[in-house]
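Next, two complexes with chain A in common: one pairs it with chain B, the other with chain C.
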Partner chain A sequence: MGKTKFGPTVKTLVQLMHEAIGDALRDADLRAEDIQAFVVANFLGGPNNAQLHLNSVVAGLMPGLNLPSWRVEAACASGGVAMHQAILSLDAYDPILVVGVEHMSGVPGLEITRNIGMAGDVGLDQAAGLTFPANYAIVAQSHMQAYGTTTDDFDNVSHKNHRNARLNPKAHFHHKKVEMSDVQAGVTVAAPLRLFDCCPISDGAAAAIVSRSRTDGRSVRVLGSAVSSDVISLSQRAEKTTFAAARDAGARAYRQAGVSPGEIDLAEVHDCFTIAELVAMEDLGFAEPGRATARVRAGDTTLTGPLPINTGGGLKAGGHAIGATGVGQVYELVTQLRGEAGERQVARTGLGLSHNVGGVGGTCAVHIFGGER
Partner chain B sequence: MAIHCPGCGAIHAYDVGSCLLCGADFDLPAPTGGTVLAVTRVDAPSIDHEEVPYWTALIETDSGQAIVKLESPAQVGDELSFGSSADESRAVVGLAGTGIMACGLAELLLKRGHRVIMWGRSDASVSKARAKVLDRLSRTMDEDELDTAAAAFNDTTNLTDFADCDIVVEAVAEDMAVKQAVLPGIEAAMRANTVLATNTSGLSLEDMAESLTRPEQFGALHFFNPPIRMKLVETAVCSKTSQETSAFLDTFAVSLGRVPIRVAATPAFAVNRALMPLLNEAVRELEDGVASAEDIDAAVRLGLNHPMGPLALCDLIGIDVVVNIMDNLVDRTGDESYAPRPLLRTMIEDGRLGRKTGTGFYDHSRR
Partner chain C sequence: MGKTKFGPTVKTLVQLMHEAIGDALRDADLRAEDIQAFVVANFLGGPNNAQLHLNSVVAGLMPGLNLPSWRVEAACASGGVAMHQAILSLDAYDPILVVGVEHMSGVPGLEITRNIGMAGDVGLDQAAGLTFPANYAIVAQSHMQAYGTTTDDFDNVSHKNHRNARLNPKAHFHHKKVEMSDVQAGVTVAAPLRLFDCCPISDGAAAAIVSRSRTDGRSVRVLGSAVSSDVISLSQRAEKTTFAAARDAGARAYRQAGVSPGEIDLAEVHDCFTIAELVAMEDLGFAEPGRATARVRAGDTTLTGPLPINTGGGLKAGGHAIGATGVGQVYELVTQLRGEAGERQVARTGLGLSHNVGGVGGTCAVHIFGGER
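Moving on, here comes the complex of A and B:
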């Protein structure tokens, strides 16, 4: 595994990928020549960086190898879908390198908001100004109406993730101390979501190497890998407080792994907005619908609780380098399961789950890692 | 620019520092010239390459191959030389002033790795400007990169600190008296062989040069706001500017990734001379009741594909600044058709100067 720091940087897409891939190769004690294929996950290389065809760009970092390769785009779930595709492809190529990357800083505000909005439907959502925060604001409002969820519940998620980020040197907001009063004072972005309900615009890359054979005792087993999709726009759905794609991918990953939600020791869930962490907990069976708020309030999801969630700060405070996020979640889980997470190390490291959502639940990738070494 | 890896011979074209195949470290040199291996004349324009024809050549340099764009024909086997921009990219740059343009230039220069010395009149103004620049940079830099930029950013209230500079860009208030008062002090502090450029948007270079003892090393570099995004730099010279200084102005702009356009040292140069009558006419349309401010702006945006309407642009620039440029055009050309419309004068009297006062053609107080 390899991961750059998430957050703004002057480094380019290719420099970020070089750093993450180099780290992953060294971490796995493999040479570039050992890799048999690679997958690149990225969302907005076209509109943000005028760079598509990223698999060929990565080939330029390993000239002469001429490996099978391709690029995956599924909005914010690009990384998780790329992990899934790599795992599916192990029959043909082994080992496979997965690298996720995004560079968003420096794009003017109006443009970046429009570009991220491309995760929504161009006619149904974008035409009506339903930006990405606005989508999740509708989900938040629906959750509040259905279950009595309050902005205090959102603040609890945000504050927990910011505290975790302080212990993660690769987190976007590692250097920023965020008090509950800061969270509460955030300006409105899309009511009821305020600044500290929203993940930041991050740059970064993460890389993983998947294989049928383990290279050493630090290898972590993939027990489940599932991707599901759903209609893209909230206007096409009956339910606004839960994502069918997440429920479906979760159920299939649990079935593959032969485990139940209650057996999961820690999870990285897609908290692009605070409401999304609550919805994720409910979709993955960590709480009954509408009851995730109680578990967060009880401290269950803190580093020392029975189910630590987003131990590295999540997307909210760890950063959301979109194409890299799904791979970055796996980096955090693997680091925890190996017992190498330092100050933020959790106690129980049997089973870890990652949950990576594209758009407002149009795509979801769920992976389960761990088991016997 | 593509080089052969010093460790394994693989061809590397990305500035990533080390080879993933063999682990060897490498640097990519900037090409200074080479032999044309292949060349094509391009006749179909594209965005950023609207001017055709142009030529694109694959060249072999001392250290590897590169692809370069040429404005004139070349043939296979031709030897090309570009001259290195390495000296300009290491230049220590002085900035006189702490306003919007000085801050924007500091952001651009620091982002590109220059050392910057910013001079202002008071500790308060320079420390405010410094904080603003570093805040802007923090949106695109990580902590290490920001530390490096902060260390390369010196602020001062002492003009003698300009002695370290290879070039100083004056960006104080757009007022001849203010510029004439500050320019001699800057020049006196600078080393003899360095260039002093003004960021004027079109005041008389001759009048400014009168206050200098080395006018041959003086010229104009007119950047646009915000410099980090706006590609254009209008470059201009006065009658005493040397050939060497004149060429340096363009080379320096190119080294910053900008596109220099050489303009005669005429009032308001090319851009503002074209813009001011447009703004003034839009104000007259409003006076004449052609349409509402919103609709005049929408018409220009949608009909001419301008990113912003003229009245909104007046509010952004500042009504007082717009009127100042128009008055200057009248004074220097004697052409009354440049005179600001009465509505603009009224707005100044009422203190409606645009965004900076919260109201202009639009109400900006809501945000």
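Moving on, here comes the complex of A and C:
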């Protein structure tokens, strides 16, 4: 695995990918010549960076190898989907490199909001002005109405993730001490969501090498890998407090791994907004519908609780370099499962789960890692 | 298989996909509920249509199914790459639906040129003003200098493909009778390429269903499927008259199929510009370097020749709905191999090959179809 620091940078898409790929190759003790195929995960290379055809850009980092390669896009789930694809392709190519990347800083505010909005339906969502904070505000309002969830519950998620990010040098907000009073004082973005309910706009890259044949004592086993999708617009769905694609991908991954939600030791879930972490916990079976808040209040999801969630700070405080996010989640899990997470190391590292969502639940990728090396 | 007519239309991305998918399902005698996963191929949904996350858009056509799905992009090779991916994924999901789509008409000329340019390097190519006609003009000039190729050779390719399009009701230029004198009179776009050397800007969709378990008497066997990539910019390559990615993907596909170039009965090759058809013939081993022109002059690649190429009109006259093109090539081959090509039906239908290029050879997908049903 390799990962750059997430956060604003003057580095380009190519420089970010070069750094993450180089780190992953060194970590796996492989050379570029050993790789048999690669998958690039990226969301906004076209609208933000005027750069599509990113697999050919990456081929320029390995001239002469002529590897099978392509780019995968499924909005914010691009990274998780790329992992899934690489795993599916291991019969044909082994090892396979996955690299996720996004460069968003420097794009003017209105333009970046419009571009991110392309993860929603151009007619039903974009034409109605339904930005992603607004989408998740609807989810938050629905959850509050259905279950009595409060903004205090959101604040608990945000504060925890900011505390974790302080222990993760690669987190977007590693440098920023955030007190509960700061979280509570955040200006409203889309009611009830305030500033500290929302993940930042990050740049970054992450890379993974997936293999059956080239494993070693540092390899982590993939026990489950699943992707599911749903209609794109909240307006087309009856349920607004849960994502069917996440429930479905979770169920498939649990079935493949032969484990139940209660056996998971730690998880990276897609907290693009604080409400999304609560919904994820419920969709993945870590809590009954409406009951994730109680587990968060009890401290269950902190680094020392029975189910640490988003140990590196999550998207909220670790950063959301969109195409890189799903691969970055795996980086964090692998770091924890290897016992190499330093100050943020958790105690129980048997089974780790990653949950990566595109749009407002239009796509979800779930992976389960662990078991003997 | 299913395919819409290629060419300008007021239909939206979703309507085009709906039509092609419906046609493919009916053709395979399957219902949407039978499909286990799907892959969407698209190049410019973001820059042209403000619509990314297209897999979730397609999920809206099959509400409640929550299928594993994603979008693949590799510039103009997106469709061929999506076919490859679906084939690789058959152990996990069977059958798999592939749908390629593009909607480009209505985007102003300067903007569409800029957007298509995103298939080239943002620094090395785009910043230098190297549009795709200019890229292929360099290839054409190089080929002329190396081998004595003339604009007459280009005209032969264009005229043949326009003749074939007249026999294909789904071709962009089906309605247009193009005489050799028209071809010769085309205004210069990027010397030596003139208007009739260049493919049009098309809208359209094409769909395929790939399966091991759900085959019937109309199914066509996939004998080879390969993808290869190369550095993105011509400026980074020593060779400008041949594409290494095409040679490599061709070699892999021939090896898988256990056949040699001389055994191929018909081919769909990526003639985004007339020179590209000549280069493709040489890269695929249908002619020695510099000798494709002789085969075209001899009529070998016409419908009645020993190696019909681009029987439906190719990109040049059949149209280039970018994300759909690679799947549309397969549609044409399958139609021919089934003996259902009507007026343009060729005689020998044992082995068909498709060749789909991204950028100026940065990516290439090659497939070989045929054998007993």
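FYI, the second predicted complex is superposed on the first by the 372 of 373 C-alpha atoms of A that agree within 3 Å, B and C clash if a C-alpha of one lies under 4 Å from a C-alpha of the other, contacts with A are read in each partner's own complex, and residues count from 1 in each chain.
Everything that follows uses one rule, which is that a residue touches a chain if its C-beta (ideal position, glycine included) is under 8 Å from a C-beta of that chain, and two chains touch if they have at least 3 such contacts.
These numbers come from a predicted model, not from an experiment.
Within the superposed three-chain model, A:T363 lies in touch with chain C and out of touch with chain B [touch as defined at top]. Looking at the shared chain after the overlay, A:P63 reaches both chain B and chain C.
By the touch criterion defined above, A:Q15 lies against chain B but remains apart from chain C after alignment on the C-alpha atoms of chain A. Contact with neither chain B nor chain C is seen for A:P261 once the two complexes are overlaid on the shared chain. In the superposition on chain A, A:G290 contacts neither chain B nor chain C. In the overlay built on the shared chain, the residue A:D230 is in contact with chain C alone; chain B does not reach it. Within the superposed three-chain model, A:G305 lies out of touch with both chain B and chain C [touch as defined at top].
Once the two complexes are overlaid on the shared chain, A:G186 sits clear of chain B and of chain C alike. Using the contact criterion defined above for the overlaid structures, shared-chain residue A:V122 touches chain C, although it does not reach chain B. With both complexes superposed, C is the one of chain B and chain C in contact with more chain A residues.
Overlap of the chain B and chain C interfaces on chain A: residues 60, 63. Residues 5, 7-10, 14-15, 18, 21-22, 25, 31-33, 60-65, 105-106, 108, 175 of chain A are the ones that touch chain B when the two sit in their complex. Taken in their complex, chain C has these residues touching chain A: 43-47, 49-53, 55-57, 59-60, 63, 66-75, 78, 81, 84-85, 88-89, 91-92, 114-115, 117-122, 126, 226-233, 236, 244-245, 248, 358-359, 362-363. Of all residues in chain B, only 10-18, 20-21, 111, 138-143, 145, 229 touch chain A in the complex they form.
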